[in-house]
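Both complexes below contain subunit A, partnered by subunit B and then by subunit C.
Up next is the complex of A and B:
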C-alpha cells in the first residue's frame, strides 16, 4: 500500500528543546492513532504534517509532495487543531462559511457544505449563536466541523476527543470510523489509550520526540503486558490475602504499604492476578476495600518502554 | 486557486470579521474628536468663513495626519499577523489552500478599507460642519477629495510599514509607537534630504499650503512647519513605491518565517 504521509529523519527543535528526534515513518490509508503523553511530540508532528512548522532536519510529505509552503496540498486536508481557539466574534455558521470561502467554492455550495457540517456535529440549532457563547463540547464539535466541511481525503485531528462528554465522544468516534469506511485517511492523536483503542488498531507510540513503537493493538498490548504492573489492594486483612497468593505464579513480588492495610503486588500477568483475586473474594473470608493500579497508565508504560 | 482569487477570499473574510470586532467601535469613537472640535470651531468662528480653510488644515495635519491614521495603521497593521499568532488562529488560515502572501494582502486590504471608512466618516463630518457656509462652492468638494486621497495614501503607507513590523517582531506595537510618534514627528523637521526618510513628509507635500495658519496658530506652528516639500507626483510615486516594497517584504517574510505559539 502506498504511504499517504511519510516522514524521513524528521527532527524539530524549539530553541534548545528537542520537539522531535529523527522520526521516520510511513502512514497508510485508514485510521492511525498517535499515542503519547503530553509533551511527547504528537502536536509537533501534526504541525509539521500540516505545514505550520518547517522541519529542522528531514522531510515530511503527503502523497509524495513536501508540505511546507505548498498550499495546494490543503485542498484535500482537514485539520482540527488542539487549541481551543476561534474567531470568537463569529457565529458557528459564519465561521464555517468563512473558512469554506478559502477553497474557492461558489456561495451556494459554501452554504450547503456549512449546513451539512453543522448537521453532522449536531450544531444546526446553535448555528446562529456566537462561538464565544458555545460550551466546551460545542466548541470542540465546531472545530471538528471546520475540518470536515470541505470533504477532505485526509483528516488530521489533534486531540479531537478532549473536552467531549462520553456521548459526544462516542458520536465522534463513530463519525471518524465512518470516514475510514469511506476510504479516507485519518491521523488522530491522543494521550488516552482507550480513546485511541476505540478508534483504530494502528498505533504509533511517541515519547520524548521519538517513536517508541509502531504497530497494531495486539503488538502494543504485548509490550504493555510485558511491563510488570503494580497493583495495590486495600483489605481488612492484607497478610491473610498475601498468604493466599504465596505460590501463585502470576505474582513476582509482594510488599505491605506503610498504612498496614494495603498489599502491593507486582505482576507480569495482570489479568491472571485479577482472576485469582476475584476467586479469593468470592470464596469469602477476606474483604477487599479498594483496588488501584498506580502505574496502569500510559505514562508508566512509556517509562517502562523507554527504560527497556 | 490563483493569488488574486485567494486575496479576494481573505479580504471578504476579514472585511466581515473586522466590522464585528470591538476595536472598530473604539476607533470610530476616537474619530468623533475632530467632529466635536469642528462644532466648537464653527460656534466660535460663527460668520467668519475666511479662516476656516486654514483652521481645518491644522486639524487635518495635527489630528488626522499625525495621530488618527498613524494610530489606526499601527493597531490594524501590526495585528495582521500578530493577532493570528497571539490568538493562535493562524492554524485555521495556513492549513487552507491559500498562498501565504494572499493571507497578508487580503487582510491588509480588508483592514485598509475598514480604516479608510472610519476616516471618511470622521473627515466628512468635521470638514462639512466647519465649511457649512460654503456648501455650494465646488472647490470645497475638490479640496475634500484631495484631503481624502492624502489620508488614503497615508493609511496604505503606514499600514504597509506596520504590517512588515508585525510579521517579524513579537512586540511590534512598541517599535511602531516609537516610529509613528517618535521618528515620524522628528525626522520630518530635519532640513535637507533627511526629512525625506519619513512618510509624513510626502503626505504633507500633497496638502494645500496655508502660511497664514502657521503664523496664526502658535501652539502647533512647529507641527505645521514644512521645510522642502517634494513635488506632488514624486510624492505620490514615492508613497506607492514604499508601500509596495514594504508589503512585498512582509509577504516574503510571512512565507518564509515559522510562527510558533507561546506554550
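Up next is the complex of A and C:
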C-alpha cells in the first residue's frame, strides 16, 4: 500500500544553513505529531510537503505523486501555517470565501463551506468583522478554518494550538481527533510536548534537521536502551518495599521522593520489575497506591534523545 | 427560520467548476481590497478627469459656433486628431494619475503578501507561481484598462456621435488600435514596474516611495546624463520619456526624442524582463529559519 505522505532522502539548505538533512519517512492515515524544538526543521518539512519549497535533494510525494510543481495535488490538502497570513481588511467570511474560490466550487457551495468552517471554529458571530479586529485566538481559529473549509483529506497543521486559550485548545484537539476518526491524515507540528501528547501517540522527533525517532511514544522509549526506565511506586511503606528489592539485579537505582510516600526505581528491565512488584503485592503486607512511569512521557523521551 | 448547520465535515459530491482561470480569485481580491483603501475612490474618480476634459473638448470642437465666445479664435487648440489623443494620453498628468491609482491599488500587492507571509497560503492551494503573478498583474490591468482603454475608446465613439458622421473614423481607422496598443503597453510595463517594486520590499510605504522615486528620478538622471554626454540617447534613461516616445510611435505621431522609438521599446521591455526575473526569485514561500 502506498503511504499517504512519503519523503525520500529529503534535504533542504538555506544558503549554508541546513534545514533538513536526508530525511526518509512514510506517514500513514491518522494523526502524526511532528515534534522538535524551534529550528529543528518541522516547518521546513511542512513547507516541502505543501510544495512551497523545492527540495535541494530527494523527493516528497503524496499518495505516490510528487509534490513539487504539481499545484493540482493541493485540491485535497489543507495547510494551516504557523504565522499570521491575513488580509487584515477582509472580514472572516470574505477571507474564507476568497480562498475557497481557488478550488472551483460553485458560489453557493463556497458560501456554505465558508459558513460551515466558521461555525466549526465558533466564529459565526464574528464572521462580518474585519480580521484586523480579531484577537490572537480568533486569528488562530480562522487560520484553522481556512485549512479545513475545502474538506481536505490531508491536513497539515503548523503549531495550530499556539495562541488558543485552554478551552479553545480542547475544542481544537477534539476536532483534529475527529478528522482522524474520519480516516483523514493529519500532520501536526509543535514544540509544546503536552499538546502533541494530547493529540497522538504517533510522533516523529526532529532535531537539527534530522529524524531522531519515529513511532509511538512507548516504542520510542524502548529504543533508549542507554537510559533506564524510571518507575514511581507510591506506597504506604515505601522503605519496606525498597528492602524487598535490594537484592534484585534488575534494579539500577532506588530513591525516595520528597513526599516520603514514593519509591522511585530505575531499571533496564521494566517487565521483570513489574512482575516482581506484582508478586510482592500479591504476597501481601505492602500496599501499593499508585504506579507511574514519569519518564514515559514525551518530555523525557525528547530530552533523552536530544541529549539534554 | 434559522439554518442549523451541520458541524463536522462530509465529502461533497457536487461538480467542481472548471478552473480555467486559477488566477481570477487573486485578481478579484486585489481589486476589491483596492476600493476599501481610504481615499482610493476619490483618486480613482480623479483619474477619469482627463477623459472628462477630453469629452468636453470633443463636444466644443464639434459645436464651435455655439462656443465662439469661449474659444475666442483658439480653434487650433481644438483640432481633435490622433495627435490630440496622443498628447492627452501621454501627458504627464495622465501618467501621474495612473501612477497614483496604482500606488493605492497595487503597491502592496506583493509587499503585503511578503509582509504577512501569505504566499504560503496561496501556494498550498491548487495554483502555481504563474497564476499568482498573473492574478496580481490582472489587478494592474483592470485599472489601466478601465482608466485608459475603455474611456478613450468610448471617446472615439463620442467623437463620431458629436460629429454625426463616420468621417473621423474613416480618416483614422487605426486610432482604436493605437489606443488599445498603448493601453496594452501601459498595462504590461506599469504592471511589471509596480510588481517589481512591490516585490522588493515588505513595506508598502517604502514601495510607494520607490514607485514615484524611480519614475521621476529616472527623468532627472536622464537630464543630467544628457547634459554630461550631450547624447540624445541619454534620454532613454527616463521612464516617462520612454513611455511618451513609445506612445508617439504607437499613435504614428512625431517622436518627441530624436532617436528611433525602437530603443524606448527595448528599454521598457528590458525593465519587464528584469521584473520577471525578480518576481521569479522573490515569489516563493517565505523561508523562515526558526
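Going forward, the second predicted complex is superposed on the first by the 218 of 308 C-alpha atoms of A that agree within 3 Å, B and C clash if a C-alpha of one lies under 4 Å from a C-alpha of the other, contacts with A are read in each partner's own complex, and residues count from 1 in each chain.
The definition used in the following text is that a residue touches a chain if its C-beta (ideal position, glycine included) is under 8 Å from a C-beta of that chain, and two chains touch if they have at least 3 such contacts.
Being a predicted model, the structure only gives us computed values, none of them experimental.
Participant: Are subunit B and subunit C a fit on subunit A, or do they clash, once the structures share the same frame?
Facilitator: Aligned on subunit A, subunit C clashes with subunit B.
Participant: Is A:89 touching the first partner subunit B, the second partner subunit C, both, or neither of them?
Facilitator: A:89 sits against subunit B and subunit C alike.
Participant: After the superposition on A, what does A:174 contact: first (subunit B), second (subunit C), both or neither?
Facilitator: neither
Participant: In this superposed model, does subunit C or subunit B come into contact with more residues of subunit A?
Facilitator: C
Participant: For A:14, using the defined touch cut-off, is the partner it touches subunit B, subunit C, both, or neither? Pick first, second, both or neither.
Facilitator: Both partners.
Participant: Quick check for you: in the superposed arrangement, does A:101 touch first (subunit B), second (subunit C), both or neither?
Facilitator: It touches subunit B and subunit C both.
Participant: For A:239, decide between first (touching subunit B), second (touching subunit C), both and neither.
Facilitator: After superposition on chain A, A:239 lies in contact with neither partner.
Participant: Is A:74 in contact with subunit B, with subunit C, with both, or with neither (first, second, both, neither)?
Facilitator: both
Participant: Identify the partner contact of A:51: answer first if only subunit B is touched, second if only subunit C is, both if each is, neither if none is.
Facilitator: both
Participant: Of the listed segments of subunit C (5-13, 167-175 or 275-283), which one clashes with subunit B in the superposed model?
Facilitator: In the superposition, subunit B collides with subunit C along 275-283.
Participant: Quick check on the output: what are the common subunit A residues between the subunit B footprint and the subunit C footprint?
Facilitator: On subunit A, the overlap between the subunit B and subunit C contacts is residues 14, 50-53, 69, 71-75, 77, 79, 81, 83, 85-87, 89-90, 98-99, 101-104, 146.
Participant: List the residues on subunit B that touch subunit A in their complex, please.
Facilitator: Checking each residue of subunit B against subunit A gives 1, 5-6, 9-10, 12-13, 16-17, 20-22, 87-100, 255, 258-261.
Participant: Give every residue of subunit C touching subunit A within the complex, in rising order.
Facilitator: For this pair, the touching residues of subunit C are 5-12, 14-19, 22, 24-25, 28-29, 33, 36-37, 112, 116-121, 123-128, 131, 284-290.
Participant: Help me check something: in the complex, which residues belonging to subunit A touch subunit B?
Facilitator: 14, 50-54, 69, 71-75, 77, 79, 81, 83, 85-87, 89-90, 94, 98-99, 101-104, 146
Participant: Tell me, which parts of subunit A touch subunit C in their complex?
Facilitator: That would be residues 14, 17, 19, 38-39, 43, 47, 50-53, 69, 71-75, 77-79, 81, 83-90, 98-99, 101-106, 109, 115-116, 119-120, 146, 148, 151, 156, 178-179, 182 of subunit A.
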